[in-house]
């Protein structure tokens, strides 16, 4: 590990922001579905750890939060802390989206790195980066009984894909690991922020369900 | 294992009640969605084994029913047996809910115990107990295309949480294993029955989805 | 492995047809839900690899596409290729259903074989065959926020079950492995094609959700 302590502290701070932001997004969706406080906590935890959990299932690695359960505790605390301020947080869409972008960026980069460290192919590492970043949000929407929003609009999954590809290329060219990590994080973050502020989207496929014969 | 044969026989009987009850709840929901008989069987099996399966994925343990496939067979039989009596069972909400409470109690206690036997932290063991008890019902509702009811109302997941915490504390204080197990089962069962009979619930978070800006 | 090269080539060709057909079905459902192009690709991949992935989780085997990532690439390409021709493909229900039947047949047989090769019981091998064949389609419908269609109508899961049982019996009686495989594939395919052309279905269970008391 070539990263300095400063890097590690910054990375940990961003991870905490990301865990909290993902958990808050789960808590808010739970509130939209009138879940009870326990459901709010469960949904917050699932959004925060869902992506990394699926990645570890796919890589046949020990699930990360079994040994690092502070991760789950932070997510639970963030979800419960959302309850008294939920109406405010619901209206503060932009700050919540920015915090969520931080989470996405960190999780994609760390997911890609974990796969590469387990000697997967570059192609699989990209998939793992994307899965780590987006699967929690997909599971959130499935549990809230709605079509996953990040498969429908905004440049969300595409930002994840770009960041993961950038990491894999940098790593493949022997770039310093810390630099690969931070450029990947920066790329996801910049793309997401631009997408949020300029309402970017990519084309959708629209088929009338009743059109077939 | 300090449990006597009587304990083991009782535990096995309660497990059978639980498997059947969980499977019936899956079969009834399948009927509400006009699934065919095969879908009824599939949903019954998933509710009965889903929680333990997810727990084993998370613990990186061999999935329990791969070596004990009678578990799946009992669930399949219970689901198919529900078909001719479905209208009656649908109306008999209270007996079905009581049998379901037995299942929840046994699955939570056994899930917690399995995690502790694999030397997880107490915190993770509690999560595994809750997952074992509730994940099958959550998957059932996802497949039936509705928001998971146990995240919305009734003291269901909270009963599971209480039972799992009680187990972990008893175990931590060196209490006799059989006593830890049975007090955990009793706690879940009592809380659930009180919740059923007195319509207990915990507060919900309600946010208007259209309120944000 | 007693199969000749001709068998292997044919099997590989059918697998490619199946991967593409499953991916197309995911892409079309994504289009019905107005997903963006990335969502279309994700849904296509998930339908194509979902069943085998869940099977490998359950068997505690390395997930097949981690080492064979061409599988994911083929699915991604098929999903993206669907976008410009989606309206046509949506109307061409019968050709798509026939290609899907090929996929189901191959995946069921290969899933059953993989379980038997890992020395599971015959009962578990049948479950793994069915899971491999149908789980991708179930996940597709969950992500599209609808009740899984293959649990509701058409003889779909039942065709999978029949093929898996046939494989296990043939294997149990010491039949030549290639013959077991091909008779299983043929059985699923014939049943599915008959179901498609003659609108076969099995009885459904219908319960009024509001009937209970």
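By written order: A, B and C. Residues from 1 in each chain.
Following the convention adopted for this analysis, a contact is a pair of C-beta atoms (placed from the backbone, for glycine too) under 8 Å apart; a residue touches a chain by one contact, two chains touch by 3 or more.
Because the structure is a prediction, the values reported are computed rather than measured.
Student: Imagine subunit A is simply missing while all the others stay put: what groups of chains do you get?
Tutor: In the absence of subunit A, as far as touching goes, the chains form one piece.
Student: Taking all residue numbers used at the subunit B/subunit C interface, answer same if over half belong to both copies and different if under half do.
Tutor: Subunit B and subunit C contact each other through largely non-matching residue numbers.
Student: Roughly how big is the turn, in degrees to the nearest 5, that lines up subunit A with subunit B by CA atoms?
Tutor: Value: 120 degrees, nearest 5.
Student: What is the distance in Å between the mean C-alpha positions of subunit B and subunit C?
Tutor: Measuring from centre to centre gives 29 Å for this pair.
Student: Which positions in subunit C touch two or more other chains at once?
Tutor: Those would be 57, 142, 145.
Student: Touching subunit A in the complex: which residues of subunit C?
Tutor: 27-28, 30-40, 42-43, 53, 57, 62-63, 66, 69, 72-73, 83, 86-87, 90-91, 93, 142-145
Student: Note which residues of subunit A are touching subunit C in the complex, please.
Tutor: Per the stated touch rule, the residues are 57-60, 120-121, 123-124, 127, 138, 142, 145-148, 150-153, 157-158, 161, 201-209, 211-213.
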